[in-house]
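A, B, C and D are the chain letters, set down in written order, and residue numbers restart from 1 in every chain.
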């Protein structure tokens, strides 16, 4: 892996990219496609997963992508069930696994619901985020150990949620990891649309929005933003004064909501109250504060936040799978269709980190001063400058006073959760749950906590029943049964 | 005012003490009695209040106290309705006023209740604490200005709630103020009782309890405590394992609760969850966290937290008044009864600050490092060393991780509230309300906020309706109507 | 002033640029030339100075530059002796004045020399830097006030030394200022030369060097650097092992020194001792530490640091002046010669700040986290991202432990110096002098301090003799006599 | 070990005190005498040393002290050469060893002198302090390990210099250590003398001086002080205005200097320049700043700082030894003479820590906020409150701005020195030397460093020559040859 600077950037850099959880339907095809189309890169993609069946499917599909006429065949793709083999001498590692899959996620949503806690996503914060972290953190620690052994200088792009805590876990254990997420892209697109509408233009896209991003993943805000030489936050404020933009939804109304920002009431409320526009989807933002999600939410809630169900997620996976199978069935048709980049940035970041180019984008990285009023080392999301083997965060300045206590609360809870997950410390895990804004009743919290621990016990070997002889811990990422929710069985994903 | 050190402490130091709000029934008689009995002090007490009627009553009573045989006649007592005259050249100022009195406090409790928010006291935090601060902060600013003009070197003992915010207001404006509170004394007494019970003794009192106090007023905890050479927190933990000590109250049960710690479930819960024993009354502690106070609370709540009503407060005042009148009626009987010190420490602190003695006690003072993980200058409650003209806080060390986010939240909210009160900034005041743990619904919060602003408008001249010509601001401490709740009319108190 | 984004950057942005001290020979012609050649910009340049003679010369020269065929005539140039007129509605202000000029600088060097203190430049730190700050800070405060009145939204590019303290002065008073300096460019060029020599190439320039810049102006270091895909600091370390590269100079040898890094022994020593390569000229770096400059230095010192004399500076000015006069004399020849950009970045930064482009370069700006172990608000030099109306610093991370105490010392001294200059506080100014690494003898320091105060009294109106009636302060930037050192009389420069 | 609180403090607490380096002449007899006379304590004293001869002498003397009529025979005294045996179940450990003794200290002074560096003591800072730390830190680490094994709950009173670094070493390794020093007592006595002189009194002693102590050991200052109800610093300032108090010494004059503060010019200079009075002896203070000690110092220096030679130290030891031998020779006479307490506080601190009493005094303990502008965990010297098993520092507030950079420099250097000593890291040790204020020439520093490393090699096993096979490290505290400087051979002391 050598840098090409000063050579006109003509030749792509040769890299080895390992994708852990490579059979996952969500991210796998996307990342492979983007790599295949990236003209700065060439080399080898290794998909790793623990279940041979979906892996075999993804091998066929991935190779079809790499050989697609638009891709130019710069990449070779192989698969393996042996994680260390996949990692050996990798330049980049992409992690997309999710321990317990949709089966455990179903519990993450169902059990809190019984206690009146609605989660619109449930993968980042709240009881669902907590348990997802408890399941994944120890596995990410072991992945980190494998990376240190097999490819200690590799950059790791971590896509699994809860993004902040898992990137932090990798980094705590010595790995050069980046937490990756596309939520901010969506908020920039929204601004671009508003600018087009306001200025009577059609050409502005998210790339024309220049914003100071700050916060933590899924709870990011823009404290400043410009688009087409104008103050974008002022533009939003003026838009908010239009009738019908700021809304109070009644039952059932949320599904009919239309218009720019109709589904972005939480974003607007943050701007109204704290002067900073929400920069992640409302479904995520709403989970970080009390009051946006209430038990009546599913039927249609006052803030218009959509609550995604497990059934919907299963259907999405089925649809994805069907699409891939269809493409493999008619390979010629697939080769004739244009292959398009997804808008994700994994490949572009890699190109920067090998010295092919430079780039400024938002990343989740440890706080070294980019947000001076959050604790050092907390993983935060801000802009950064990517160059040869370095990611230098760009200062976002202090968080607004009104939002600061919320961020401090979440950042401290994330650190406690990671600690609890690594040590199997129930008390600390419960303390984190109690400190979560979605939780209020202490007795209910205790009952809910015990129930979730019990039904997820197979994926939480660190939290064995107390005072019994401790069985040797299994690594659930290596043994976990196939996710029963899907025929194609993506154990990780 | 000169220090007596090296002279065997024989002669009392001569001081002038001004008591602003000196006709208030709650604190006035107590402080006058303690001063009268303090052998280290002599001189002059000036009671200031704006309403002549109760002032005249207190003058008669205060003089009876000063001349009581146990007191020894070291102090002369006068009264005045002129604040600056009272303050002129004072060595100490005691502040006990409360802008709006029980009449406004009734709104502080009643209106939030309509929106499902129960407050057990309502004078520190929550909507009630917020509005009490909004009413008092501007008045305390003006008192600070008078002090700087009339007695800039005086030490000020501030007894009014919300203690933290009002002490902070005085200190921000350049006054040497101490926030005074007796809640910690009660928690120490509880430990002493437990130690007596556990060790089969009868002699231990709060003075035998040596504790590391930390936190903010009314939300203090003990992170370490010893009593009779034993670890007091361990003693409490063992007590918690006895059946019936940690309780879940059902409806109506709270009133029958008996036994040590029966009314201290919140204290115990803090110890259980965060390793630090609550060190203020449960009625106060419960208001700083969500989940302890729910709409059903008044009838009897699960945590056994007593909710004090305005009617009870009115009755207390009437009882106090009756007692004082009875004593004045039969002066001879009063002179024959022994006069006792209250257990409050105002006089002792004054004795230290003039150099008569030294003392270690808990005070509310700006953070200069005593709690290193709270912001500098925030008013915090810890132990301190009192000596000639100095109060040097004693380090309590960092707050426990699990509690830290709660404290940060309150400390930041207090700062915002003071700022909002001084500037009449509605948005900032509302931001503080939204960040309060007792508040969850944002739409309700907005309605409640507007209603409270409206009914308390006379006491909130800084918050005049927007966009209208601003009338010159009146100082409500000088013009406020007599508190209609009481015949004796204590305007401040 | 509007941003052009999304329009292909074809049309230059129209701006008004005011140059305060615009008759100064050092910076004036350079900046005018760079502006004239910058295709992103057009509009108006106003040169302001207090002395009409050199101003008239610079007007003629500046117009010749603007009309030069290579420039394309996008800028109009005017001059004025009225500072506020120059500033009125400016988009950018460039400041290049120097209060007292070379006449006072002669004292800055001569007097300390009597006490054994050699300064290689004497304009940043040490006794010379201190007095230069004392002379300039109050004037910069007044310039700041004028800017706030005439063009409050303008960005100010401050070129005068001591750069850090003067940028800080402007910023403290509310101005959007950038401290500008080219020293880092030289260090990057040195690395590029070494890379060319090491790799057998000829094409690498400073633009191919990607470095993490950190520190304070004139005492910057590179903590990481890459060039042509290699670790540049490792390359330097290997070069240091070559015989003759790391040298101990004997008397007289420094003038004959040849070879890469021959004049960069201090840079190398910093790398050897602290792991960070000096990134400013040795003449500057040497003044920040004890031991590099000793009384024998002028004759040739052990570290090869060149000591610049006032006579040399006068000669440079004369040469510059002669060159300009020659060009004006033969206008046609001048028009035929290609007009070249200087390598300075003032114009490029302006182009970014009006939204014509973006750029990453090193700037002196207040610390908002880019160097987390230096105090907030201290002006530090790091990379930053320049975009529409914003400069977002890029995190450099914490300074190396071994260097940190030196930086803290200088940063604190700078803050004290500014404070002393604004208040005319002799004690504080002397405290700063005592804390300077070039000063060791306390009695000598006191004598030297008094002597410098006395001879510079006309330029230090804040430091009038004590206990006398204070004369109204004059602004020396408006009244100071023409710098006698030069025929052409550049009062500011 | 149990606390006696509530029992009238009648019965002394039984404790085991181990004195490591117990045969040392300096501290051994003092501490044994103070323990023997302390009415709050009783039990067992174990003297440990590695050399049997002086140990036998001290056993005889210590027993004579314990049985002295004034002592009351509360303590039994034994000796042992086995460190772990001495430590087993100790309640308190006193450490007074000094690795290398006077023989190595002679090098610490002699070698720097060759390079023009004069040290008045040479045991805390400067090249001497650095090497003394390098010799002792690894031994203290091993003592810490033994303590953790044999008496993990013991409090350790560490008397060896450099006090700060050795207390920090013990604490870093998990031991509850206090750095003990009496320098502040001397400064308080000086103030008491001045107060007696000023006020025409005779009775005031150091106990009447109430001071805010801050800084690091041997470089402490008083930022506030009161005596007899007056501002002591103002009293000193007025005294400084008397003719002859602030002096400039000429050659030879220092030995004749007389009068209060004649030998305290550095203390006064700190007050004059920074507003804080030096609170350690001038011989110590002078070593923390450049300019007070110059090569001509020994003959009589301008600041009147006495430079203590090794020959003087040897003579002191001989005198001490002779005194002890004389007492042992005539036991009856010794028993008839009154036995007096020394003024040191080891015994009093122990009495507090077992709960017999409470006390406020100055100690060296890790920074937990007592000095908020120094780094957390740095060992600093401030007042503290001593109670049952706790030492709670009292806040001294931030250090004065002008002194802060000096303290930061020393604190950072101390941390680097400990790190270097533990790792045997030459580069880091040399970096610390370069950052020392007494060092200016870098080439000389390198030569001096190498020479000191070479001659002290036997006591610096961690710093073995590079790139050779590393011999197993010996613990010099166990094998070090007897200090040849003294007949009685005190290996540690």
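By definition in this document, contacts are C-beta pairs under 8 Å (C-beta built on N, C-alpha and C of every residue); 3 or more make two chains touch, one makes a residue touch a chain.
No experiment lies behind these values; they were computed from the predicted model shown.
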Statement: Any chain touching chain A and chain B at once appears in the list none
- prompt: Looking at CA centres, what chain is most distant from chain C?
  reply: B
Message: Counting only Cα atoms for the centres, state how far chain A is from chain C in Å.
response: 45
Field: Distance between the centres, which are taken as Cα means, of chain C and chain B, whole angstrom
entry: 56
Task: Please work out the Cα centroid separation of chain C and chain D, and write it as a whole number of Å.
output: 48
- line: Where chain B touches two or more other chains at once, the residues are none
Query: Touch graph across the chains, line, ring, star, complete or other?
result: ring
Message: Judged by the touch rule stated earlier, which pairs of chains are there in contact?
response: A-B, A-C, B-D, C-D
Task: Give every residue of chain D touching chain B within the complex, in rising order.
output: 2-6, 203-204, 208, 210, 212, 224, 226, 228-230, 355, 358, 360, 368-372, 376, 383, 385, 387-390, 392-398
Query: Taking the complex as given, what residues does chain B use to touch chain A?
result: 248, 269, 273-274, 290-292, 302, 401-402, 404-406, 408-409, 412-413, 415-416, 427-428, 430-431, 434-435, 440-443
